[in-house]
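Right after this note come the structures.
Heads up, the next two complexes both have subunit A, just with different partners, subunit B and then subunit C.
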Partner chain A sequence: MSDRLYRMARPEDLRVAHLDSFMAVYHRSSGITHLITAPAPEILATLGEAGMTFRALRDTLGSEYELGDLDDAALAARLDELVAAGLVSII
Partner chain B sequence: MRHVFSVRIGPVGFRIGSDWRAPIARLESLYADYPAPRDDVPDFNVRLFAARPWRRFVRPAVMIGGDFVLPEAAPLPLAQGLLAAEMGMNLQMALGQRRYLLLHASVVERDGRALLMTGISGAGKSTLAALLGARGWRLMGDEFALVDPGTGSVHAFPRLVSLKNEAIGVVETGVPDGRFGPLLADTPKGDIRHLIPDAAAIAAMDRPAAPALILFPRFGFEAAERDVPPSEVFVRLTQASTNYVALGERGFDALTRIVKTVPARAIDYPDTDSAITQVEALWAAL
Partner chain C sequence: MSDDIQDDPPKGATSRRALMLGAVGASAIVSIRPALAQTAASVVTCEIPVPDPGRAGTYIAADGSLVPPGTAGAFAPAGKAFKGEDVKVALGGGQLPGTSYEQSRAYTNYIRRLQSGTSGFTCFASLQMPRG
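For the complex of A and B:
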């Protein structure tokens, strides 16, 4: 896992609307709307188009956001969900 | 088909064909003040037909067909043919409408601004819309709010107001000058009686309005109010829309625009007088 590079789906594939603590994301490729909340928006923002490894993502999230008790297992689970939804791809 | 009636409700034209005269005669009477579809071309067709030729005469049962159908829809007795026609028109809208984002909501308008009321069946959408329509508001519709994805404005769809069970008596009392259709007893939805929108609502049905307030009413509780956060509004309106998914990105843009720009409140009310008071107070505070 640690060597793999994760990155956010291409911005042109997403339509985003910020709604209070949630973010509505329309995924153009699938036509599915996702309503996501912390830490998913932070994960997408951190990964960006360039992408990064799991370890770099964890460290950046830890230093830039207050995400409480987000341990490695929880972060991996959230990342898997975003990959399954097509909002994050593995390079 | 043997008998045909065409009508335009707001921007949507319908052509209803029937194997029987009776449902068409009812429609002609109740929709007498409505125009024909633009250029006589309907957007949707509804067919009321007999499943077998002899069922036109023997225990006549009305099957609902049209451009869009539910394959397992049960037939209705001929005495409920008007309900079949209304269900058929609603079905075309719910399954086939692509021009507007459809929200299952009642809508009334005042000063060019629209109040949308949405909620589960029994929440009082139709009742409140009918009562407000008799108290200085313009009735824009009791079933669907038609949101234009391009402008964000709401178009009227003032079909007959469908009143069920206890709501019938409430509106008969609250709208003493109202024109009503026949009482349809013991339908699959209980007793039903239709209220014809007043002349002002029909005359102004081509005039859209800007959405100004979304209400989520709930009947049967002590009077209470709360703000509804945008994320909850978004979820509830996607659930209240019959074509959000079908519209794709246009639906997303139209819905998020409403959610981000229109305030939303949930109200509980014990009776309709209380609800009217709450609505007027919320409206005045905008």
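For the complex of A and C:
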């Protein structure tokens, strides 16, 4: 897992609307709308289009946010969800 | 608008925002899939009867409307339901199998006029769904 690069879906594939504590993300290529909540939007923003490794993501999140529960397994679970939804791709 | 994701959380802030990753078994995503999208996989095998079994026996006029049996210029009901794949071809300008040119056009017009609640509508709607 450590060497794989995780990258946010291309912005042109997404249509985003902020709904108070949620963010609605319409994924054009699947026609599915995802309601995402913290930490998913933060993970997407951190990964960006350039993408980063799991380790880099964990370190960047840790430096930018006060993580109350930094746990590799939990972060991996969040990342897996985003990959399953098509909002993050592995390259 | 789509670049909102990039801009949203403040980065490198002097006072770092609190963020919880949540438990392993928790979920931060709820996905909303249109009901019609679930039928997309069966587009090839779904069927559209012409006309709806509830209107069995009625004829189909050239414009696709249903008219009393024997109406001049109208066509008798199709013997069997058409497969989604065949309808897709017909909607794209092709011809339904086992039909004459005019007959296919009338049937295709009928299918275009299908409304929710009519047999075959879900199949027709699935054919209209853009595929990713």
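What we mean here is this: the second predicted complex is superposed on the first by the 89 of 91 C-alpha atoms of A that agree within 3 Å, B and C clash if a C-alpha of one lies under 4 Å from a C-alpha of the other, contacts with A are read in each partner's own complex, and residues count from 1 in each chain.
Throughout what follows, contacts are C-beta pairs under 8 Å (C-beta built on N, C-alpha and C of every residue); 3 or more make two chains touch, one makes a residue touch a chain.
Predicted model, so just to flag it, every value in this text is computed and none were measured.
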**Asked** Does subunit A have more residues touched by subunit B or by subunit C?
**Response** C
**Request:** Mind working out whether A:Asp3 is in touch with subunit B, subunit C, both or neither, as first, second, both or neither?
**Result:** neither
**subunit B versus subunit C as contact partner of A:Asp20, first or second or both or neither** = first
**Message:** Going by the contact rule set out at the top, does A:Thr33 touch subunit B (first), subunit C (second), both, or neither?
**Reply:** both
**Item:** Common interface positions of subunit A, toward subunit B and toward subunit C
**Value:** 15, 17, 28, 31, 33, 35
**Item:** Touching residues (chain side subunit A, partner subunit C) in the complex
**Value:** 8, 11-12, 14-18, 23, 25, 28-42, 44-46, 48, 61, 64-71, 73-75, 77-78, 81-82, 85, 87
**Complete:** The residues of subunit B that touch subunit A in their complex are 229-231, 234-235, 238, 245, 248-249, 252-253, 256, 259-260
**subunit A-touching residues of subunit C, taken from the complex the two chains share** = 1-9, 11-13, 16-34, 37, 129-130, 132
**Complete:** Listed in rising order, subunit A residues that touch subunit B in their complex are 15, 17, 19-22, 24, 26, 28, 31, 33, 35
